Every structure is written in C-alpha cells, then in structure tokens.
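The following blocks contain the structures, represented as structure tokens.
You will see two complexes here that share chain A, one where it goes with chain B and one where it goes with chain C.
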Partner chain A sequence: MVIKVQVKLLSVMLIIIMFFSTSCVTVREIDELNFIMATAFEYEPKTGLYIITVQVPKTVPKGEQPMGPQWMIYQAKGKSLFEAIRNLGKESPRRMYFGHCDIYIIGDEFAKKGIKSLLDFLQRDGETRVSTSHFLLAREPINKLLAISDGQEALPALSLEKLVEVVLKTNSQSPKVTVRDYLKDYMKEASYSVLPLVGTSTPDMEKKEEVTTKFIVSGSGVFKRDKLIGYLRPLESRGYLWAVGKLKAAIIVGTVTNKDKEVKVSYEIVSAESKVEPVIQGEELQVNIKVKATSHLGELDGNLNVDDPKNITQLEKVLNELIKKEVRMAVSKTQELRADVFDVGEKLHKFHPEVWKQVKGDWENVFANITFNIQVESSVIRTGRITELQGGSNE
Partner chain B sequence: MLKKLIKRALSQTPSDGIPGSETMGVKIKSSLIENEKYIRNQFGNTRDLVIRHLTIAGRAQAMLVYLDNMIDIKVVNEHLMEPLMERRQYPVDDMEDLIRTVIQVGQIKTSSKMDELLGHVLYGNTALFIDNMPQAVVFETKGWEHRSVDKPDTEKNVLGPKEAFTETAMVNQTMLRRRIRSTRLRFELMKVGEITQTDIVVTYIDGLAKPELIKELKRRIKKVKIDGVFCCGFFKELLDDNPLSPFPTMEGTERPDKMTAALLEGRVGLIIDGTPFALIIPTMFWDFLMTPDDYYSRFYSGTFLRLLRLAAVAITLTLPSLYIAITTHHQEMLPTALALSIAGAREGVPFSAFIEAVLMELAFELVREGGVRLPAVVGQAVSIVGALVLGQSGVEAGIVSSTMVIVVATTGIASFAIPGYSAANTIRLLRFPLMVLSGLWGLPGLVSGLLIIFCHMISLSSFGTSYLYPVAPVKLGAWKDVAIRVPWWAMATRPKIAANKKRLRPFIPPGKQDGDQGAS
Partner chain C sequence: MNNFTSITSRQFVMGWITKTIAIVIMLTIADTIKYSGRDTWLAVLVGAVIAVFSLLIIYRLVSQFPNKNLAQWSREAFGSFLGSVITIIYIILFFSYAVLATNQYSQIMTGVFVPEDPRISYHVILIVPAVYAAVLGVYVIYRLNEILLPIAALISVAVIGLNYASIDFTNFLPVMEQGVKPVINGGLIIGSRFSFVAIMFVLYPLIIHPKKIITQGFMGLFALVILIQLQVLAIAMFGAQYTSTMQFSFLEIARNIGVSDALSRLDSFILTMWITGIFVFVSIFLYGASVLTMDLLKLKNYSYFTVFFGFAVVVINLFLKDNVSLIKHFMGLPLAYAVLSVSLLLPLLMLMFVSVKKGISS
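Up next is the complex of A and B:
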C-alpha cells in the first residue's frame, strides 16, 4: 500500500518535472521587449571590433501619433559578436529580443573576414530563428543602408523582408537565402553559397526633396564557406538560379525574324526546373546542366503570327539560346571565381566518390576547367489574349 | 480535507428526531372525536387545516379533512358534500358500498393508516372519516394554483417544440405521456425529503433503459436522507458518482422534447415536483454541447453548430491562458505584425498581462452575474456599463489593453455559446486555475493544467458510463452523434450507452423508402 502510494507520487512528480524541464521559463512581458526587426553585422579591421546595428520599432501607446519614423537604431561595438549584442543593452532599457528578427545583413568587411562567428551565434542562441530569417549581403555601408526610410511599410525591415521574396518572384536576379539554407551549404564537402545583394536606390528626379530612397535587391555575392570571394551581376545571378533550379519567374528579351523583319520578343518565364549532373566521359569530367523552362509570351514589338506552330517553334528556339547564354555567363563567371556554386563537388562526392577522392585536393582548379554542357528545353505555352496586333494599311 | 468531509457525511446516522415520524404506524381509531383530536394535535394550530363535520344520510356522523386552497373546492362541494349530505337512505356502515354508489370522484383510496392518510391530505386530497369505522377514504381533489405551461426560459431554440416543463410533476408527466403514447413508458413514484416529502418520478421506457441503471438509480434515491429537495441541483450532488468533481454528470432540462429524446435513447428521467427542471441520467460531457436544434435542422448545419460549440469550449477554457502564456513567455510564437500590435496595445498598461487578464475576466464575471439576477429592464443598464466603462474607458484610460478586451469579450461570448448551463459554468471556472498556471510557467503550465483536467474527466463516470464516452474509451461507431451529427436515416443503432440490447430505431436507407411503402 505504502509502496503503491510512493510509486504514484513519484510518477506524478516525474510528469510534472518533465513539463518544466523542457524549456527555460522566463517571464517577460511583451511590452518590455525591444523587437529587433533587422540586424546588421560589420567588422572594423583597424580596431578589430565588431559593430552591430539593429532596427527596432517604436511602440507608442494607443491613440498617440508617432513622431517621425516609427523605428529606432541601436548600435554597439564589441570584441566579439555576442559582446557587441550585449553592449546594445547599455542603451536600451528594454530587453533586446531576437525572436522576430528576420533580416540579417552582413557588411562587406565582415563578409570578407568570414562570418563563421555569426553562423555559430545564430545556431547557439535560443531566440534566433534560422528557418525564417534571411541573409543579405550589403552592397553599401551599413550606416547608409539601415538609415533610410522607404515609407512603404511601417518598418524598413519589413519592406526588406518582402522585397527579397518579391524580387525572386518578379525577375529572379537575386536569390533568396534563409539562414538555414546557408547552414546547409556550409556543411557540404565543397561549400559555396550565393547571397543576395542589397543596396539603396534613389530615383533621379528634378526635385530632390520629394524623392524617397528605397532598397534595391539585385545581384549577389559568392561565399566560399564563410568568406566573401566575389560578386555576380544580376544576369549572372539569374544564370546561377537557372542552373540550380531556384528560378521562380523572369522576363527575357530576345529577337526573332518574321518576313526578314526583326521582332523583339519578351518572354515571361513562369516555371523552370533544372538538373546538374557530373558525368565521366572517358577520362574527362564533364557537367551536364539541363534546364526546362515554361514561358508565356509577354510582349511583341513587331508583327508575328503566333497561331502558326512554326513561329512558336522559332520562339522556343530563340528562348533556348537566350537561357543558355545566361547560364553560360554564370558558369564562366563562377569558374573564374573558382567557386563551385552549382554543387558539382557535392554531387561527385555522393555519386562518384572515387572520382571525388582524386579531385578534392585540387577541386578549385579542377572546377575552373570543367567542360559544362548546357541543354535547354523551353516551351511557350500561352500567347496572351491577342494573336497579333495589326494596324491599318499605313503601318 | 474534502474527503474527510465526505467521510463525516457518510458516517452520520440519520437523526432520530425526524419530524412526522411519530405518526408512523398509527392506526385510525373508530371514534371520530379521537381521530379529530389526533389530527388537530398533529397539525397544531395551522390555519389552513379544515375539518368539516357532516351527517351522512341523516344519521352517521362523519368529517372531511382537507387543506384549504390545496383542493379544488368545486369538486369537494359538488361531488363530495352534496351526495353525502343528501337525505337519502343508504347503508353507511359499508365503506365499499358508499364509494361505489354515492361518491362522484375518480381516484379513491381506502386506508386505515393515519400517516398515509395525512400524507394524502398534505398533497391536496380530501379524507373522509366516518364515526365507528376504523377506515377512512381519500378522494382525489388536488387543485392548487400553479404556473401554466410556458416557453422554455433557459433552453431557447429556434425550431422545434416550444413548451417547457412546469413546477408540477403531474403536468410534466403528462407532457411526456402525450409525446410517448406507449404502454411501456413508466412513471415510478418515489418520495424524497424527510420533511418536504417531495414526489420524485423515475421515468423510463421499459425495455429501452437498462434495468441495472434503474435499479441503481432507485437505490441511490432511497439512500438520500435530506430534509427537503426543491431543485434538481440537489440530486446532481446527492446522486453523483463523483461528489468532488467540478463537472456535472447529470443534466437538468426543462424541455419535454429533449427528455423524450433521452428516454428514447434508453436514458432515465427524473421528474422532481416543485421544479421545472427534470434530470437526464446518465449524461456524458458531450450532451452539454448538444441542443435539440442540432436534430431539427439539417445535418450539415447541425454538424457545423456542434463543431462551433466544441471550439467555444476550447476558447472559453484556454483563450485567456493562451494569451497570457504567449505574451509573457513565448513571444516568438506570434506573427511579427501581431506581436508588434500587441506590444503597442500593452504600451503604458500598468499591470502585467496575467494581472490584467485576471482583473478583466473577473470584471466580466461580475457583469454577467449582475445581469443574471437583475430584472430585464435594469439588465440592459448593466451590459451598457459593463461594455462601455470596463471595455472602452478602460482602454482609453490605459488601464487595460485593447487586445485584452478582445480576448475577454471573445471568451465571454464563447462561454455563452455552450448550451449546457452547468457545464459552461464549470468551464468558466476552470479557466482561472489555467490562467495562473500559464502565468507562472507559460505553455508547459497550460498544457499540464489541461492534462490534469482531461485525466480527471476521463476518470469520471455518470451512473457507470464513462463521462467522455464515446471519445474515451474510443467507440468509433458511436461517434456518429458527438462532434458530427449524421443524418437520421444513418443513425441505424441506438446509442449503446444506456440502451437495452433491442435496437428499435427504424433503419430505412434512403432510396429504399418508396419500395418499403409499396410492400406495405
């Protein structure tokens, strides 16, 4: 009887302990937090200090109109990243809270020095979220970047977050990389990553005071493991996205001929997939990139009868070449950077381990000289609401 | 401590000095004077006792005993006094003959026991004593003022019957009899209350209700020793399997149609004289989430309403605690925009989210309680004050956050959407301990609190049937009428819980109905 009661008590206690040992219990009221919306990391080579800049929203009591911008900037320095983050607390009476930070901007100097410490911090800390937060590479000084107020969302960080997504969905000239994506790349045998580049853009208008500076996400930076080694231009970035199958949408402009007249065509790519495959041709290592693309006809500058299957075939042929050209651009640029962003090394490691053993010591040089065979298979599936815009006889 | 209380209650022997016990076994004397003396002695100087002396057939002395206003005076005057006092020759020494030939009242009972006779007199009947006769006759002359059949007050519905039980057990009994014209519908009279001697009618359909259940119910009713009962709430506690549980395991209803449905499912009804609420036994937790309207409207909308009410239970129980847990412990679980707007709303609020929630929930309970007791005209004033002062002004003054007001209002409305009033009260009560748990430990606290509640609910039973049946223990076949309501033609079997083996529900698959008609 006594033993029964003891067993009962023990199991009840164990169950209760089980619940309270799962996570750290800290009570913090929601209004005592500073929600960090964007964080920028920079490094000062002269002093060896890390600079951390965060953007937090101003919370104003209900009914009161916020004065000026609705956000604040905190900046702090430290010998390590974590110390710099803690130093933010010197200025803020509220606890800095990383749980909602979705934008991590990496400064140029920091990227060149290597961001390993940041990757470590983001995984080690309990508040940061790796699967939903985005990495961005700063094209301009952090101080300039985080100071702009683009007036579109309540917080610049929110518009940055949306921008990364929208850029991929409209023109795919810049990738979207979450912290987790980067970490996945980081752990590969041959680790290379491509991060989107963020800068500012000011429209060139007459009246300067009515012009708002906005963010622009375009192009990308290439990382070898944790260090920045070079940049890709917007079209090269798109070529890279074609090859790795991450392209979501794009507008590609080319020309076809119709009755000896040149007609400019805009293709709207709606979906794309690809396959990168290393093959051993005899003694030689080659890489086949196969791209499949589906497009709509977006715009014709000239006359072309799109009801004619022959013309469609011609359109598709031209598109094949255009895509091939972009992929080729990306390939030659990355070969020049000796950066295997297409995961060829990883695929060799998986499917031809014996070959990988031979080449991995000198992989960068081997990669730079690999022959890439690019095959593109594209289709134009929709031609829009009209077949041909025809004017009168005086056209 | 509560267990000790139960022990003490159980160990107490029924007190010896039960009033009225001295009449036990007293026989009627043959002398009229002595009988009168005895009755006067028993009733004391109560003003409503009427003893009318009369001479039957011009020679035998007799007296009528009744209580003023409890009887139908017309019946007594026209059908008792008149024929008795007529100067006609008939034998007065034979009671049987007297009843057969002279008395013009339907229900009659002859007895020689004084306590039985007085019991009838106390219930509005009239007793006739004749000199030199050791027997007396009781005539059915009940006829007191009572409330007429009205619309249900607490269980409103849109479709379906609109009459409700009243305070008179006999009227309620009639309402059921009118709905179930079967010889197998049984009303068994029992009396509870040492002083009040309240009529309890155990109602069931023979062959549908489990005999064990009826036996057990009667056993428990017999064991009840109490001075008086005047509401079904007494029985909810006195007959309960789990006297310490906050959950009700019997449902009181004032709807005869609901009771009829319960009887047809093989449950047992308990009609209590003096209250318009009859008890349905046994009752599962899910029965508190059902309304007759679910069955009267089409099964799609019936199912939708059921699911809606399940959501209402979840909201009532957990929404304030979820709010506390997430805003004070797990801010990362909120979408960014929502987190910012809650933070903005809480800006300048002097209390922590927990204190704020407890204050507002208490304020809401006060408004609700205030509104319940007040007359309808004043009730409106309470809701205006509650809504405006507590809600709007509280937010404007910065004492509470607007999100908190939304949370409290949603919780309140959700709690009103639970049809079972007693179950809703329990759930409303349980949200406070959950709020404390989540204020202390966040979601782990909330989850462990819910776990304790669920474990407790699973351990409960209502007259031997698991409280969460058929969800726990799992009986998939019976899920046809819990969260979803399948169409009537698909309810091929009776609920297993209380029914006898006989399954009498007609199962006519759709489409075959025409053929059946043709065959018959």
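Up next is the complex of A and C:
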C-alpha cells in the first residue's frame, strides 16, 4: 500500500518536473551560435565611439569545405562597449558567443583612454572566461591585426594564442597575462600592470607574393590602474620578467675574454626565480631584487675550453652582469614612468603596513626615487655535446 | 522507534554541515569577505565560537525534554499561549529558510548561467523533489545526505587542490588592518549560518543516542570550519579587494582551474555540490516547519503541510523582488541579527526560564 502511494507520488513529481525541464524557453543550438575566438577593442576619440572587432570560425554542413579563409570578421560600433558588442548582432544571423574567446586585444587609443569598461564587462558577463583568456596590447591598428592569416593554424586566433605561450617558453621578451592576472593587479592599492605587445611582421624577401605576414609578440605596455602610460622595449620587458620571476626561457648574448681574445657566448636560460623585497635601512626605503638563473651554453663564437672550471666561473660572472644590466634597464624605465610594476607597494602594504600608510599618498614619487639593490646568482650547468671547436677564423 | 523514522547523531551532524555549506558557499562567503576583507579567516573562527554557544544552549534545552519536539514541550514549559507563539516563531523561521534558499538558488541560476530562463522553473524543479523527500521522512533525507556530503567535501578539496599554484598566503596580510569590528561583523554573518543547528528543536526526539550530539557536533564544527576556510582561500588566490567584488567567489575558484588544456571549466562540479546541498537544506526545513505545524495543531499527518509549505515557497518567490543585490543585502548583517536572535538569544532565554522554573519546583 505504502509503496503504491510512493510510486504515485514519484510519478506526479516526475511529470511536474518534466514540464519545467524541457529547455524550450532558452534553447540554444550549436548552429545558431557564432563562437568568437578573438576580440579586439578600440576607441575613436573623434566620435567617442567604441569599436569591437571579432573573429569567428566559418561553420559549414558536415562533409563540405568552407570557401576561402575558414574564419570571418565582424565589426560594430557603439556609444558604450556593451552597445558595440550587441551591435555585432545587426550583421550576424547567429548569436555571438564569448565562452570560447581566449584572445582579447586592446587598441592603443582605447588603452590610453582607460579600459575600465572592458574589465567590468569581462567580469560581469556570464559567458566570458577571465582565467583562461589572454590580454594583449596592439601596437598596430586593430583592423590590420585581426585580418591577417599566417597560415599556421586554421584560425589566426589559435595561432596568436599559441604564439603567446611559445614566445614565453623560447625567448621571453613579453609577459603572458590573462584577464584574471590583470584584474588581480588592477584591484591592488598600488595598481600597475604590464601587458604584452602584439604586432605584425613581414620577412624582407625579394618575391613579395611568396611572403606571409605573421604575428609578432615582443615588448610590453605599462598600465597604471586601467590606463596605458608607457611602453617597455623587448630587453626592458625581459628585465621586468627577470625581476618578477616570470621569465621562463631566454637567449642572452655576451662576451668573455680568453687569451686576450673576445669570445661571443650565447646563453640559453632554462629556469629563473627571483625575490623582490622592500627593506627599511635606517629611515630610507630600499628594494632588494635577488635573481637566480640556470643556463645552458648554447653557442660559442670563438675558442674557450669549457672543461676548465675557471672558464665556467668567468661565464657565470659575465652572465650575472648581463642579467643585472637588463633588470637595471627595467628598473630605470619603470622609475621614469613612475610605475611600480614590481609590486613593491603591495609588499610594503603586506609586510610593513605602518610604512605603507606613510608613503601611499605619494607612492609614485617615492617609488621613482627608491634605491634598488640588484643581486644575480647564475649558473651554467650544461655545456653541450662538445668542449671546444678548434680552428676557424677566430684562431 | 524503527530505523526509518529516526536518524543517528552522526547523520544529524552531517546534515548540519551540508545545510551550512550549501548556504555559505555561494552568497554568504562573498558577503562576509565584503565585511571582513582579508580577515575573513578570523571571522570564520568567531562564527565557530558563536556556533559552539548555539549548539550547547540548544542541546541543553532540548535534552531536558527527551522524546518531545518544540511544539510538544513548549506549551508544557511556557504555557499554552506563549508556547504556541514560540513554536510559530520557529515554523516561520524554518519556512523562511526554505523560501530564501529557493530564492537564492533561482537567483544564481538565472543570474549567472541561464539569464533568459524563467525563475519559476527553478523554484518548481527544486521544491517538488524536496517536498517528495520530506514527505517520505527525515531518514530518507539524512541517509541521502550521508552519501552526498563526502562527495561534496571531496569536490571542495579537489577544487582547491587544483588551484594550489595560485594560492598566496601573504594575501592575508596585514592582519586586522581595519581593527576588530570587520572581524566581528563577518563573524556574526558566518555564526548566524552555523546556527542552522536550531533544527534540533524538531529532530531531537528522532535522534538515536542523542548524548553523542555534543561530541560529534564539535567534530562536525571542526570539519565545517575547514570546509569554509577552503572557500576563504579565494582571498589567497585573488587578493582581498578583488575577491570582495565577486558575487560568487567559490564559483570563481572553480573557474580559475586550468591544469593544461584538458582540465578546466569545472563549474559543473561546484554546481552539482551546491544544488545537492540546497536540496537537502530545503527538504529538512520544509520537514521541520511541517512537523512543528502538525504538532502545534495536534494532528497525525504532516505531509499535507509539507505540500502546502512547498506550494507557498513557490508562490512567495513569485512575489519576491528579482534582484540578487537586494537579497544579498538582506542576507548580510540584517539576516544575521534576525537569525541569531531566534537561534541563539531566544533559546538562551528559554533555557534560563526553564532552568529557573525547574530550580523553583525542585
């Protein structure tokens, strides 16, 4: 009897739930969506309009091949960023879907004006993924950037996404920054961020028709809160990466002396770590930057016996100075920009809150005059498959 | 008492953990962070102290009336009128919990995941099975919870474990920069959610070996504090200022997972855990409100009241404002004061009254 009642109750319950779970109201089929893979934002100071450009893959019925490139570009303008985004729908019969967009490129004018509206949208919207999306700063017009096809991947957006990763892992001269990373910096009391710069590069060849324009990621832009305030050149950018411990790999070229002859050396940095520490010396605030780097010997242009420990010590000393020079370049440039990209203010806030209270009102000026003590400890742990290549023009 | 109408003290404590986590995980923790900032971990400890008092006071009170629930003993202890009023207060409290939890569920579903969906569909989808489970009896809900809670706890730990690389404990520094007030305010909010233990007023006569409640309650509280502190780790990942802007910080932790390209977008795990918890929460409080009403009216069957309360939850939610910020504001300090006055202050007054009365009569 009890079981019969329970079965009836269960049946009624399931029937009621069925009516409310049909998904008819908000059904979204995959062939009704445009999956945005890359988005670029720009601002027109003359008109006060925001411009949004998106790249979406072409979708065709199973078994058919798309005509021409496998991607399409949509562009729209609006009085606000959100209006521009919704205006994309005027041209697209499919609803724009941001859930898979992993590349966000910011135009130069928009960056100078301030990207707060973009940060707000990316966090507020339910579809966007801030932890996996890359943030990049354009050093060329947005229209040119998203329209190039480098032939490496089916979609330029995928190519660009891989490039950001590969650049960091092969020869770091730009940081990799997700939207989440930027937002974390944005919310700090001393808020400064560094974004990678993306542009295009065309090889200098005689037959222009055989040349493909490609993306290039090198150098970076410096932001104060949400506004672009300056740029770091590639080596300054690398100096910044050394200091904040984000450098993954690098090729550094220096010169050592052997038997009164100069030998050009290419070091391959395979790992690095660092520590930025504000210290109070008497009444003066100083910052210690300690960098540790591990390298392999990549190339010797000259003669040097790498079996001799003295030579290895000399190689390491030279590398120390080269790294120190790059960090010094980054420090000088950021002090000139008055941009505390090394999180010194945040560290003061955490570990010396009483000092931070005194200086935070005038932090930019304080930061610009801080003494940085840079210490580098590097090691050359591999010298490759040969010891010394005898002979040649350097003999 | 057969095994299908009663629960063990362990099951009771596990139910307490699930109810609290289900409510804290989405909105409460974000609200607490707003008040306490990077000192939220201290606020959780303050909340735990409030929970200890709540647990001890309510246990001490109900243990004086074994085999009876609040509706049965309150008239005996405080007289017919006052006893009925107190019972009605708790019926309203438990019913309000069911309304608010259902509202919170539909707000989050339509606010974050499916904005175009009509909210009523989520009310119905949650309430119908919750009413069904409550009609089947308390054992069904707690037995179900016994299976679901370890899975939910495991998911919580896994979500944090997969974010290990993003954790920076220095984000908790400096400690108490704004003084002790933010910690106390946050502690009151968290403490008020711990006091869902007030369901003991209904369930005490159904608990086998009720003397174990205190020992197991403390163990449960310890587990609860650990599980909530895992959610506070959002501050260690994102920093206090950034976390305080998030509506649903634990969801952001899940969205932050990115172990290679294969292991990411794990929001569904968090949702599974949370929806399960909300279901258990609503079932238990619908059961509590129905049983108290049945005994207040001296009837034999509570299931009609469960169906009525379920229907009422859906109807009331239709009229509640569709605004997550408004609900969040109410669920902050105002709700904390209201809940603490009913689940800490009122039981304390009742305990004092009962103790004095007993002392005089003896």
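For this structure, a couple of remarks:
What we mean here is this: the second predicted complex is superposed on the first by the 364 of 395 C-alpha atoms of A that agree within 3 Å, B and C clash if a C-alpha of one lies under 4 Å from a C-alpha of the other, contacts with A are read in each partner's own complex, and residues count from 1 in each chain.
The rule we apply is simple: a residue touches a chain if its C-beta (ideal position, glycine included) is under 8 Å from a C-beta of that chain, and two chains touch if they have at least 3 such contacts.
All figures in this text were calculated on a predicted structure; none of them were measured in a lab.
With both structures placed on the common chain, the touch criterion links A:180 to chain C but leaves chain B unconnected.
Residue contacts after overlaying the shared chain place A:100 against chain B, while chain C stays out of touching range. Of the two partner chains placed by superposition, only chain C is touched by A:349; chain B is not. Contact with both chain B and chain C is seen for A:129 once the two complexes are overlaid on the shared chain. In the superposed model, A:271 lies in contact with neither chain B nor chain C.
When both complexes are overlaid on chain A, the residue A:387 reaches neither chain B nor chain C. In the superposition on chain A, A:59 contacts chain B only, with no contact to chain C. In the superposition on chain A, A:16 contacts both chain B and chain C.
Of the two partner chains, chain B is the only one touched by A:37; chain C is not. Touched by chain B in one complex and by chain C in the other are residues 16, 20, 25-26, 129 of chain A. Those residues of chain A lying in contact with chain C across their complex are 6, 9-10, 13, 16-17, 20-21, 25-26, 123, 126, 129-132, 180, 183-184, 186-189, 349-351, 353. Residues 15-16, 19-20, 22-23, 25-31, 33, 35, 37, 57, 59-63, 97, 99-100, 102, 127, 129, 158 of chain A are the ones that touch chain B when the two sit in their complex.
If you check the complex, the residues on chain C that touch chain A are 111-118, 120-121, 124-125, 128-129, 132, 135-136, 170-171, 173-174, 177, 238-239, 241-242, 245, 255-258, 264-265. Per the touch definition, chain B reaches chain A in the complex via residues 327-329, 331-332, 336-337, 339-340, 342-349, 352-353, 395-396, 398, 401-402, 439, 441-442, 444-445, 447-448, 451.
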